[in-house]
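Below is one structure, written out as C-alpha cells; the observations come after it.
The letters A, B and C name the chains in turn, as written, and every chain counts its residues from 1.
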Amino acid sequence: MKTASRILGSAFFHQGYEVQDAPRYGAERRGAPIFAFVRADRAPINERGIIDKPDLIIVADDTLVPVPAAGVVAGADEHTVLLINSHTDVNEWQQRLNYPGPIVVFPAPEEVADRAEMPFIGALCAGAAAALCNVINRDSLQQAIEQELGHLGSDIVERNSQRALHAFDVMQREEANVVEGISADAAAWRAPEWIELPFDDARTAAPVIHAADNTDALKTGSWRTMRPVIDYERCNKCWWICSTFCPDGAIAVEEGSPVIDYDHCKGCLVCVAQCPPHAIEAVTEHQAAEKEKS
Amino acid sequence: MSENTIFKNLKNMPSTHLLGTGTPMCAGCGGLEALHEVYDILGEKTVFVNAAGCMTLLSVYPFTPFRGGWLYTAMASAPAGAQGVRDALDILKDKGAIDEDEDMQVVVLTGDGAAYGMGLSATSGAMERDLDFIYLCYDNEGYGNTGQQFSGATPHGAKTATSTGSRGYPGYKKPLFDIWAAHKPAYVATVIGAEPLDLARKIEKAKTMKGPRMIIALSPCPTGWVYDPKETAHIGQLAVKSGVWPLKEVIDGKVVHTKVPHKRVPVEEYLKLQGRYKHLFEPQRNEKLVAEIQARVDAYWEGVEE
Amino acid sequence: MTRLLMTGNAAAAWGARLAEVDYIPAFPITPQTEIIESLGAWIDKGEMPGRMVTLESEHSMITAAGSAAATGVRVFSATSSQGLLYAMEMLYTVSGWRAPFVLANVSRGLASPITLEPDHNDILAARDSGFLQIHCATCQEVLDSTLIAYRLAEDERVRLPVIVNLDGFYLSFTREPVTLPEQEKVRQFLPPFDAENMMFRASSPESQAVAVLGGGPYSYFRYETHLAAQNALTVYDEIAAEFKLLFGRHHGALECYRCDDAEYLFVMMGSFATKAKEAVDRLRDAGWSIGLVRPRLLRPLPHQALQKVLCKRRAVAVIDQNISMGMGGVLHSEITSVLYGKPDAPLLASFIGGLGGRDIPAEEFFQIAKVLRDAVEQGSAPPPRLLYTENELREVRKLQAIASVERAELRADGEMGEKGDE
C-alpha cells in the first residue's frame, strides 16, 4: 500500500498538485495489514498526519472491510467513495455493509498461488484510484509508475504499468466520482470534549498487564492471503512437525491430530513446506471462502 | 545425547504450546519459532527481561502472550534487569517474604543487535557476576526491527539495508559463542527452531543448571533475509546441514557438537534461497565470494574433526 | 540519639542503612564512591543486612535498581555527574515503570571539560526524567532527606523514584555534626515497602513496562506520571510534618530564611545556599531587609509556595549553579515561569555562579544585594551576570599563554628536527 500511495501521490504531483503521501506503520510486522494515505490540493497542504475524513478509501484486501478493528471505513460519510478490490460484486457489498457513501468494486484479478504477484496490487489500486479522482491523466499515471518503480528495472515497470493502466481504463467508466473534501469550519465547530485527567494510582496508571496469555484476542488470521488446509486422510498424525514448527503456535493437537487455528494462522505456510506426507495444501483465501460456501 | 533427557524422540515434544497466539511478529518468524519451542520447555514460571528488538512488541498494552512475567528494559541493559529481578527474588526468599514456589526462572530475551553490540558489556558483566539466569538471543543477523541494517551478527557478504553494495557486508559475523565461552559461564549453546529436538534437550539441560546459561538461536528471518516465509524451517535445516550454523554446547569448558553434518551440503544451497545473497548468483556468479564463504565453513569443521 | 561528625557521603549511607534497604546496585564514581564503600563495608561486617552488587555501568545500575524495585524490594543506589548522564535513558525508563527507590546523586560538573568539582548541571539534566528531586544543603539534611525520600517514593499516591542531591566536596567530603536517628523510630516513620500488586511472582502473571501504541494511551501514562509527581507536593508536606513530630527537625519543600519582612531575597539550591544564609545575616547586621529562599524540592516544583514567598518583594536574585547553553540559569527560568503574570511579582535578576566548584565569597552576595537595590531604583532588571572577576580572567589568560606557548614551541622544535634530519 506504500507503493500504491506513492504512485498515486506522484501522479497527482505530475498533474500539478501539491501532495502529501505517507505509509502508517504500527507494531505489526510484514504480512500484517497496513495503510497509507495521500492528500492532494492545488494549494500548499498544511494538514498533517492520518486522514480522519477521507474522500476516497481504497481497499486492496477485501477481507479487512468487515473487520471493525481494522477501521477501514472509519470517518467515511455519504460523500466518501469506497473502492474495493474484490471478487464480490457491488450489490453484495452494499448488502453486507451499512456504508453511507458510494461503493465501487474493482474486480480482483484471479489470484495466483505465487506470492510474487502480490506486489502488483499496489499499482493496480493506484491506477483505479487515479481514474476515480478524475483529475489525473494516463500520462501522469505512467510517469508516476516509472518514477516510483524505475529502480526495480524496466520489466517490473512494464508489468505494473500494464495492470495500473488497465485498472485506470476500467474505472474511467465508473460513475462515482471523488469530490474534494470540506475544510474544518472555524465559524461553527463541535468543541472537543476535554476532560481533567483524573489521577489513577500506579496500579492502574503504569503500563502493566496483570492478565496472562491474552494476545489470542488479536486475530492475526486477517494477515493471511494463503490458507493451509490439512487433508486428514493423508495426515499421518505425526502431529509434532506442523505444530512445533508453526512460529505462531497456531496449530494445536487434538486427540493426536493437528488442528489449525485460522483466527491466528498468518499464512506463512511453514507447515505446508514441512509436512512429510504433504498432507497440508495451500489454497487462496478466496478459494477457501468459495469452498466454504459450496 | 544426554541420558537424562525426556526428549528421547520427536514424540516426546510438547503438544500444547504456552506462548499465546496473536503476536505481531512477521509471518514465518524464525525467532518466534524458537521462542515458542523454548517457552514450552521452560514453563510458565518464567520472567522474560527483554532488550529492545523485534520481540519488544510481543507485549503491547494491554496484551501479552506470556503466562508468567515480562519486563521490557532497554537495548543495552537487559542482563542488568535480569540481575535486579533475580537478586530481588533471592532477597525475598531469604527474608521469608515469599515461598520457594513463588520463584521464577529469569530469562533475558534479546536480538542479535543488542547481544552482539550495545548489550555485550552488560552481558559480559552478568556472566562475570555469575548471575543465575538464562540468556536467549534470537539471532537474525541484523537490526531486524528497524529494517535489517547490518549488526555485529551479520555474516560476510550478506546484503542488508546498510550494506547494499555488490559484495554485501564486508565484515564477518562476530564469534559471540566463543566470546561467551571465554567467560566460562555454566552453559553455552547454539540452537535453531528448525531442530526442535536438539533445542528441547539443550533448554531442558539449561533449565536444571545454575549460573549463566547462554543460548543463541539462529533465527531465519523472511523479511530481513528476503525469502518466502514458508522456507523458514527449511532454511534453518539447511543452515545446520551445510555447516553454516554448528549446533553445539559448552559444558565444563568443553565444546561438544550435538549434531555434526557429516556429509555437508554445499553452502550455496543455503545461500541461494535467500534474497540477501542474490548478488552472489545474479547477474553473474561471484565465484570468489561463494568459495570464500564455503572455505570458511570448511575450515571451521576441519578444526572440529581434528 | 547520637550526634556524630560525618561526611555527606556517610550521611547518605546512613540514610540507606536506617531505611533498611534490601538491595544496592552500585558503580563507583568520584565523589560518590564513599557512599557505596561505606555500605559495602557494613554489609561485609554484618552490621547491616542487604545485598550490594556492582554493575558494569550506571546504565545497568539503574536498570537493576528499577527491576529490583519492580520485583518488590527496597532499593538504594548512588551516582554522580557523568554516571547520572550515562544512566539517563534508564532514569526516564524506570520512572515510567513506576518503580520506587532512592538514588543519591553527588553533584559534580559535567564534561567537557571534565572536572571533579560541583555544580548542578548533572542533576538538572535529570529534571524532566520523572524522578523527584530533593536538594540538600547540609549533611544532616542528606540523612533525613533519604528517609523522607523513601516515604515519598513508596506512597501509593506517588510511587516514583526520588533523587536526593548533595554537592560534591562541599557536602560529600565535608564532615559536620549529624544527629543519627534511632532505628526503632525510623521503623515507626518508614514501614516496610509494600509493592502492592506490582511485582514478579510465579503465582501471578505480570507484564511490566510494556510498549504502547498510539498517542492516546501514551499521553495517559505520561500524564499520570506527571499527576503522581504533582501529588508528591501535598504528600511531601504530610511526610515532612510527621518527620518533625518524630525527630524534631523540619525540612519543608522550601526553606525560607529570614524572609518574613524581607524586601530582597536570594534564591539558591544546594549547599552553597548556606553561604547565602551567612551573607543574609551579615547584610541584616548592616541594616538590609533581605532573606533566602531555598527550594529543597525541585520536582515537583512548589509552585504556589514559591509564588507566595516571592511576591510582594522588591527584588529577587536567582543564583544558578548551572547553565543552560543559549538560555542561562535553569532555576531562573523556572522562577520566571512561576511568577509570570503575577501583578505583585518582584523584579527578578539572574546570576550564574559556582560552576565547577568556583567559590562564591560573601562580598559577591553583598554586591548582588546592591545590584538588586540599584535595579529597583532604576526600575528595570539588570542583564544576567556571571560571577566572574577580572583576576580570574587574568589567571585564565596566563593558562592560555602557557598552553599556546607550548604549542608554538613544539612546532618550532618539529621544524628544527626536520631540518636536522636533512
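By definition in this document, contacts are C-beta pairs under 8 Å (C-beta built on N, C-alpha and C of every residue); 3 or more make two chains touch, one makes a residue touch a chain.
Please read these numbers as outputs of a predicted model, since none were measured by experiment.
Of all chains, the one whose mean C-alpha position sits at the greatest distance from that of chain B is C. Centrality by C-alpha centroid: the chain sitting nearest the overall protein C-alpha mean is B. Two chain pairs are in question, A-C and A-B; the one with more C-beta pairs in contact is A-B.
With centres taken as mean Cα positions, chain C sits 43 Å from chain B. Computed from the mean C-alpha positions, the centre of chain A lies at a distance of 53 Å from the centre of chain C.
One inter-chain figure worth recording: chain A and chain B are separated by 33 Å, centre to centre, where each centre is the mean of the chain's CA atoms. Along chain A, residues 26-27, 207, 209, 211-213 each make contact with two or more other chains. For chain B, residues touching at least two other chains, in rising order: 57, 59-61, 64, 66-68, 70. Chain C has residues 205-213 in contact with two or more other chains. The touching residues of chain B, when paired with chain C in their complex, are 44-45, 47, 49, 56-57, 59-61, 64, 66-74, 76-85, 87-92, 95, 97-98, 101-104, 121-122, 124-125, 128-129.
Across the complex, chain A meets chain B through its residues 26-32, 115, 207, 209, 211-220, 223-224, 238-241, 243-250, 252-253, 261, 263-264, 266-270, 272-274. By the touch criterion given at the top, residues 10-11, 13, 15-30, 32-33, 36-37, 54, 57-68, 70, 193-194, 196, 222-223, 228-234 of chain B touch chain A in their complex. Contact residues of chain A toward chain C in the complex are 26-27, 197, 199-203, 205-213. Taken together, the chain C residues at the contact with chain A in this complex read 96-98, 156-157, 159, 196-198, 204-213, 220-221, 223-225, 227-228, 231.
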